[in-house]
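Next up, some structures in structure tokens.
In the two assemblies presented below, subunit A is common to both, partnered first by subunit B and then by subunit C.
Here is the complex of A and B:
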């Protein structure tokens, strides 16, 4: 749930990067952290397992600037993608205001994408939230791997698998190269601000 | 889009465009698209390393480093960067998924620095050396970590002198087992000293 201080004209909202393990959620945040370091008041908090995977979550507070007269800060989170950490994923989704679903474009990750999206629906339902109502952006990540001959899912297939009923904005991206990372972020901030706008009047 | 879902607001979008563009222009000089051929190939291999570490990918990395050594043979700082990459690359190749997680980070970090040094026009030798020194220090820290880890594992693998009934259960990790052994040893020594003092 966003924190809105009408008196101080401040807004704090929570955006969660969700998706299957090794899909590039943390890489998105790392790119944002490197690119906009000056607007990030603290270090990126990343808690890792031994194998450099996200165990708990990554957390990045990000000062956006003034929108509609309000000083806006977004709290960006990632969740651990591996199946065994569902309790943490559920916890991180508490109070979420917007979601970026980072799908892995590799062919062999097709089922994992679908399962992860299903898992997001279930975990949101536990907080009486509906994936079809919450601000959501799809990011089809690792598109760059196609150039190295790694078989990728077509955007049509990804759309059919993940976005057919949701019909939300989507981006083809390469988090490692930073392609469409900022565009994804801008879109989810925009949608989140639009959903909060009724509280900002 | 779902009718219930909020849609973007043009005013907010314009504002975001302005807010993000302001910072983006500051580091436009490091556009990865502007990379010359040799580094482009190396970057492609790094993308593959991010996905999977196997012999083919690591061999390709080491081959590319070799090729770059010819390209940059007249540039001592670039050669030192490449030597660092080679050393960490060989370690990762040997250990693969069991490599220390910092080694993969270091590999990426050395590559990023190499890219900056190679692509930033007008950078002085002093600035290039400063960046190199940061990576050398990171490399040294990793070496120290690996040496410490090896020492702990070696100590834990030493034959136990305890009676069979005293040995800790198998599921205790080697490092913790070593600490337990040390604690027991100290208690035993303290107790022996106390007994000797009590007798005298």
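Here is the complex of A and C:
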């Protein structure tokens, strides 16, 4: 949960990019970091394996300005997507305020998306949180691969698989090219702030 | 882990960080929650690293070490300390929800610091229980 510092008039909130391995979570953060470098006073923190896979998390603090007199700092995290890293994935979810679910549009990854979303539900439940109640945005990533002839899942299929009961906002994106990365971020920030704003006086 | 801290509690926490740590020569001291948010932080004016990244990593590190403790049948490891050539890091849990991180140099002894941390934790617990 977010920390609202009444003394310093500051809000720190945690947004986690969740999803299956090699889905583009880190690429989302890297694009944001590149685009807004001037507003991010620090380096992006990444704990990776030698093979460049996220081992623990990536971390990017992001100042978004002032809301209701509070300066708001969004802390963006990614989780490791690989199944075997569930223990660390669960740690990153602790205190989460908003989630971006980065789904892989490749046909081959259909089942991995579903399993990862199920895993998110279970891990949140361990913190007594409910995926249907937390601010959530779906991002269907890698849409650019369709142009290279790689078979992709249709948006309808992805919606049916992942978003049928959740019914949250979704974006077709290409994290590599930056398409809809910022739109996804803006959406999750506004949903998260809306859910926090009742606590700001 | 919902919590709210009011202005008075934050002021009291900061006063303890100042008197028990910064004035004793500690380089930087942070109180964070387990999600990695900074509750309060003070330094000696010579700190150049990003404390927000440090807090995120510290919360992750502490979480990982606690999980390892549970796996081997321990509740937690009571001493969590990283020694460097010039800077050292010490972590300590405050109640169930918070973490105190101190960064100190060669001029401060670990034993003395641990004593100060233990004393301060008692004071913090009193402040935090008043909410």
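Operating definition for what follows: the second predicted complex is superposed on the first by the 201 of 201 C-alpha atoms of A that agree within 3 Å, B and C clash if a C-alpha of one lies under 4 Å from a C-alpha of the other, contacts with A are read in each partner's own complex, and residues count from 1 in each chain.
Keep this in mind: contacts are C-beta pairs under 8 Å (C-beta built on N, C-alpha and C of every residue); 3 or more make two chains touch, one makes a residue touch a chain.
Just so you know, these numbers come straight off a predicted model, no measurement behind them.
After superposition on subunit A, the partners subunit B and subunit C are seen to fit next to each other with no clash. In the superposition on chain A, contact is made by A:168 with subunit B only, not with subunit C. Set against each other, subunit B and subunit C touch different numbers of residues in subunit A, with B touching more. For the three-chain arrangement built by superposition, the Cα-centre angle with subunit A at its corner and subunit B and subunit C at its ends equals 90°, in steps of 10.
Once the two complexes are laid over each other on the shared chain, residue contacts for A:132 go to subunit B alone; subunit C is not touched. Once chain A of one complex is fitted onto chain A of the other, the partner contacts of A:59 are limited to subunit C, with no touch recorded for subunit B. By the document's definition of touching, of the two partners only subunit B reaches A:186; subunit C does not.
Between subunit B and subunit C, the smallest C-alpha to C-alpha distance in the superposed model amounts to 18 Å.
The residues of subunit A lying in touch with subunit B in their complex are 22, 35-36, 38-39, 48, 50-52, 64-68, 106, 132-136, 142, 144-145, 147-148, 150, 166-169, 176-178, 182, 186-187, 189-191, 193-195, 197. Contact residues on subunit A toward subunit C in their complex (touch as defined above): 1-7, 12, 14, 41-43, 45, 47, 56-57, 59, 61, 73, 75, 77, 87-88, 91-92, 94-96, 127.
Across the complex, subunit A is touched by residues 1-2, 4-7, 10-11, 33-39, 50, 52-53, 56-57, 59-60, 63-64, 67 of subunit C. The touching residues of subunit B, when paired with subunit A in their complex, are 1-2, 4-9, 11-13, 15-17, 19-20, 23-24, 27, 32, 44, 47-48, 50-51, 97, 101, 104-105.
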